[in-house]
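Working notes for the structure below.
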Amino acid sequence: MFRPQIAPRGWNSWDCYGAAVTEKEVRQNAEFMASHLKQYGWEYVVVDIQWYEPGATTHEYRPFADLCMDEYGRLLPAPNRFPSAADGKGFAPLAEYVHSLGLKFGIHIMRGIPRHAVHKDLPVFGTDRTARDAARFNSICMWNPDMYGVKDNGTGRAYYDSIFKLYASWGVDFIKCDDICRELPHEEKEMIMLSESLNSCGREMVLSLSPGPALLEKAELYKQLANMWRITDDFWDDWKLLYAMFERAEKWSIHAGAGHFPDADMLPIGPIKQDYDKDNKSAFTVDEQITMMTLWSIMRSPLMIGGEMTRFDDFTLKLVTNEAVLKMHAHSRNARQIFRREIDGNEYILWAADDCDSGKYIAVFNAGGEDGTLEFSMDELEEIPADSKATELWSGESVTIGSIFKTGLPAHGAKAFYIG
Amino acid sequence: MFRPQIAPRGWNSWDCYGAAVTEKEVRQNAEFMASHLKQYGWEYVVVDIQWYEPGATTHEYRPFADLCMDEYGRLLPAPNRFPSAADGKGFAPLAEYVHSLGLKFGIHIMRGIPRHAVHKDLPVFGTDRTARDAARFNSICMWNPDMYGVKDNGTGRAYYDSIFKLYASWGVDFIKCDDICRELPHEEKEMIMLSESLNSCGREMVLSLSPGPALLEKAELYKQLANMWRITDDFWDDWKLLYAMFERAEKWSIHAGAGHFPDADMLPIGPIKQDYDKDNKSAFTVDEQITMMTLWSIMRSPLMIGGEMTRFDDFTLKLVTNEAVLKMHAHSRNARQIFRREIDGNEYILWAADDCDSGKYIAVFNAGGEDGTLEFSMDELEEIPADSKATELWSGESVTIGSIFKTGLPAHGAKAFYIG
Amino acid sequence: MFRPQIAPRGWNSWDCYGAAVTEKEVRQNAEFMASHLKQYGWEYVVVDIQWYEPGATTHEYRPFADLCMDEYGRLLPAPNRFPSAADGKGFAPLAEYVHSLGLKFGIHIMRGIPRHAVHKDLPVFGTDRTARDAARFNSICMWNPDMYGVKDNGTGRAYYDSIFKLYASWGVDFIKCDDICRELPHEEKEMIMLSESLNSCGREMVLSLSPGPALLEKAELYKQLANMWRITDDFWDDWKLLYAMFERAEKWSIHAGAGHFPDADMLPIGPIKQDYDKDNKSAFTVDEQITMMTLWSIMRSPLMIGGEMTRFDDFTLKLVTNEAVLKMHAHSRNARQIFRREIDGNEYILWAADDCDSGKYIAVFNAGGEDGTLEFSMDELEEIPADSKATELWSGESVTIGSIFKTGLPAHGAKAFYIG
Amino acid sequence: MFRPQIAPRGWNSWDCYGAAVTEKEVRQNAEFMASHLKQYGWEYVVVDIQWYEPGATTHEYRPFADLCMDEYGRLLPAPNRFPSAADGKGFAPLAEYVHSLGLKFGIHIMRGIPRHAVHKDLPVFGTDRTARDAARFNSICMWNPDMYGVKDNGTGRAYYDSIFKLYASWGVDFIKCDDICRELPHEEKEMIMLSESLNSCGREMVLSLSPGPALLEKAELYKQLANMWRITDDFWDDWKLLYAMFERAEKWSIHAGAGHFPDADMLPIGPIKQDYDKDNKSAFTVDEQITMMTLWSIMRSPLMIGGEMTRFDDFTLKLVTNEAVLKMHAHSRNARQIFRREIDGNEYILWAADDCDSGKYIAVFNAGGEDGTLEFSMDELEEIPADSKATELWSGESVTIGSIFKTGLPAHGAKAFYIG
């Protein structure tokens, strides 16, 4: 199984284009990434849900819409949205283009087999059976109308083999599989079958599971079957959701490492929800975005940009190209929350981690609504000698930490320090 | 709304033939009922689930099987099983025959609209819309593959109107609607829409809701919308299920009356599960069957025979033709459990009810595994004077009840008394 | 066991005097009852909690206060509050006085044995053991500091025998035992032991269990062991509590009868909470009080007046001396809720019951906040013939009920009808 | 607050002597520790529960027994069991003796104030109030009869101040407070008050909280108030309990460090339950004991020996004097579970930790019932280079770890490795 040491970094079309992204938009973001972000370690370009739906125009799904698929019930990119996919070429041309930029290409899939393929009784590739033999009539997604769950039998496995072999032939590097992660233990068998099928397709692909929240008691299973899995329901630009992530991060951080990463979901930054209005942009404040990037990085969450990158402002571009912060994301080990503590009415949160080379990281967060000052005794952090030299990662400032750690923090803001 | 004073009595094809009953079998049972049971008040002949599935052979459902339906997605009897339905005549000929015997005719339906109709995008009768506009993509039955739930909108209502008008045109007198009763509150809107549509179809039909257990807190809603509703999951010939019914009966009995009846499910008596083996017959002992008929009757549950009547033995025929017991079923009012009490290791249960003309009923049950004697002070039963004359309904014996009631009862057995 | 046919009616000191009632107040209420209420069937005069606490002044308890008790740890009335109890005469003189008025006398007890008796190691009457052998160190009341629970052993039983024999010698007719009713199944053994001990004391006493809510699944046990048991936590003059009683009443009404009665708690009418301020009086509106008396009466709840009767106004006195309503309370049988239904934004509730002689009762309630009209088809009520003659119990008016029942009802108001 | 860097190590009298330990037994174990264990870092000698109960003879408590206490309701050692405590000297002589051996002295207390002191209305030291003002009448321990909970008021705080000042004057170094740890949030206020009172007594004392399981969501509070807290109910020599500790350890290990330690409870090794029979000894197998010591050490649990040390056999003595394992206990940082995995029917568990100087630890456990071999790719452990040199701590053997880690493990057995 493919086991990347650094949690995947990339761009995903959902936050900005919902179910409606087009080839043109994918290409422009890939080009931007190649030009501006690649040198900082960003590499995945992922086309999210319903690329096979010719009529998708927003984040909503049209129930029972006719979908593009081949004679074996395998979904194909809608040529009206992805012109290079015409004549059955699928995503091969687009993947090739992304690869030519030095990047990797990913797609979203729904767990299951298309309902239309089942009702039309289409054959399953490589078998003498049909989709009706592979489908489970009572396994559906509650929020998307496209698929039936797949049986853990020969026909079911053949169907999954057939799609992953197709995706491998296109040159896909990353699969985000939806409707599967929080559905355990109910859909555990299908998740296992799907992972095994993907791993035998002959091409290394990241497997990303969605939606969350994943089940903590199934952590070991996710780690064995996938590279990343969502620990939260859809994350958007709302402080309440960001605040709630601290509790999830505390519980899940022990499970990050060695090619498997709890996933705090995409970064809704810059222009988002472009399918509704080009003026939409992230409602997060500057400090909230710093808090988000700091937490995601120290906990080693995958980093998937959700906004339209070609129209990033300067702040947003800097947010995702801070070398020190991205080094923390790459080097952080054994990240753990040290405390959550109320001081003068604000809640402060302290995280610590090791750098895999040498040194330590600490991240401090002000989860309260007022600017304030966090102060604590360095005795609470074992292994960090008094009078250590430290660098704040966002500002680049050097400081010496005495026996008392003390720093100002804006409301909903954060700082991160490398010590060593 | 049709409001029968006596809970419906009849025959239903499920227990003996599952999804596979044929016209021949329906006719032979209708004829038997007309000859032997009609004079005791039995009148409904009900064809249970999947009469539209040409390939049904047992109690199981074939996932995604092609179903007989008209151009508007309305299901039709499979002509290979119901020959008189050929040429689009539906159940009209069979209903006419049942009527000719002086009986009434009923059919089973699944909540919803056929999935095949939706995926084929068939038009909805009387509208310019299609089944895709009526269906809810995320409302399915977990145990049957045929249908999608229906939206509470104009197209959804038009669909329900179209099927009830069709059934009315066939002469249907009784609708058993499945996948709707315990699904509240999730499917409450669809239940209301369906009931309203049925009541405006122009023909009086009993509406029976399934499966159970129904939700006690929704009792008033069931009473307003339907004539009977299942208070239990499928009931079979198993003492554990019969024993469990006492608790359900206690809770629900207050809601019986005035045309609405909590339904303890069909009576699995005589030859059953005939689709698997003609030698199958009810596993209930004679005493358990008496207990069942006694409880169903005093609580005013509908009485729907589940076995193949043409091969009833003498005991079974007498079980369903005891005039005194059937009078209790018709006349019982305000039935209530008085106690459940352990005596010498056996559990005994006492029920009482009023006769709507005059007099009282009491029913005594031995729920224990040993023959025994129930004894209690008549002071525990208000309104029954000492030294009352009583008649035991099963034996016809007359007794005088003093200040102490005392009677022997076999294991799992029952007696019922009319006092007055 | 004493099994009164009519649910007990009387007066209890809690609502007006809390833990602090005095002999003078008891006597004046007993005298008032004898003069004004006795002829309507009111008979019990009950001294509520902590009559043994010399320092009680309000509804609150003083933790670890020294209590009046005899050498065997049996609590005695505090002579400073009950002068006639001086010289160890206990409640005998007061009981004798109440009896002389033609009334019956009751007292409140806490489940258990006094903690002080245990820590002082006092002997248990009739044994060579002490209170430490009878007490359970980890069974206490969470809201009153006086007692430890009692073990189900010989010493424990001897203690209960000793107190009930003492109370019998005083002439007590009614025991309200607290901290025992909702504590099941945890305290079930102690409840059984206590009931058996009371029943073998040689004097007929009503056993009333408190506080609620009692456990519905233990209904049969309460019926066997006691005459009345609280189905609710403390009830006060608050519409929310009165409204909530309808749901409790629906569930419990089947268990009323033959000497055992679900208890909806005392009637907080007239001057109450007199220990805090003599100007305190019931916050219930006139219509709410009629609703309360109607519901309590049709469901056969015990009726225990909570207010200071000597200062009842004319309305309050009439409320508890309406002969027709009190006849319904005495004669009601098989009371059951028929429906709860929203009409024009108000919720209406319908109850029905039989009269044990002949005829029917129906009670109609407007649980909504606006005056309104309730209308329903008489078909919903079986057994009541069309064009019946009826009498409204509160007004005495005669009406003829046609096929439609229709009546105006004020907000939170009620009417009750005798039909026959 | 006292914040030891290494989790406390010592001996506690509970496992071997229950509530009945005597001064002689404490002294002999202190002497043994000084001679044989002190040089390995063992230092605390703790007298467990009910040292104030003259009649204690086993692990059971006598309800309402008279307890030794001073005029202020402060409990004193029973002189019949602790002769040096005669004449009101308390534990001062015994503490002095333990100190003379170069060790530290600890005692057990129950949360609260003695019930007898409350019922006798004893004064609270340093106030003009009595125990009745300090006690909460409805706060008791469910398994021990001695105490009432203490109010968060001036008198309550004065009582706690008075006992900790007394203990400080005796020279106590360690307080194990019972009935407080899993009782949150109900008893949170009392825990805070007690901790503050202890910390202002003028002597450094370890605060150990019992019983468990503690509440994970209150981790930060325990860390702020105490040095150790039980994460489990009483732990005994039973594989099921040891097996269950892995799950608790996984959840709690992140909270170990900097003077606060999740406590997996005492080590029931060697002769235990001596109050019942001198032949009683630990039922754990040799391998289970190694598993226990390995898990406790890598997770940094306190290590409190439960058995009678003077009769330890050779294995047991070696178990607690392995320098390499005890170094892991002292140096382990950021311990975390890596996986639990089934291989060939056995469940294997892998833990990893850092050494605070340099190097890594890994511990491998066979939780299955059969001897077996654990094999996994070293890629699963980040930061450990291939071909690392390692030492197995129990055997002292040196090994080289290649890209695959592979080792045999007996049923219920463990190994631990230092790599670096």
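Each chain gets a letter, A, B, C and D, in the order it is written, and its residues are counted from 1.
One rule holds for everything that comes next: contacts are C-beta pairs under 8 Å (C-beta built on N, C-alpha and C of every residue); 3 or more make two chains touch, one makes a residue touch a chain.
Note that this is a predicted model, so its numbers are computed, not measured.
In terms of their C-alpha centroids, the spacing between chain A and chain D amounts to 43 Å.
Chain centres here are Cα averages; for chain A and chain B they lie 52 Å apart. Chain geometry summary: the mean Cα position of chain B and that of chain D are 63 Å apart.
Touching two or more other chains at once is no residue of chain B. Contacts between chains close into a ring here, every chain touching precisely two others.
Here, these are the chain pairs in contact: A-B, A-D, B-C, C-D. Taken in their complex, chain B has these residues touching chain A: 63-64, 115-116, 118-121, 132, 135-138, 140-143, 145. Remark: chain B residues 3, 5, 220, 223, 250, 254, 257-259, 333-334, 336-337, 339-341, 354, 356, 379-383 touch chain C in the complex.
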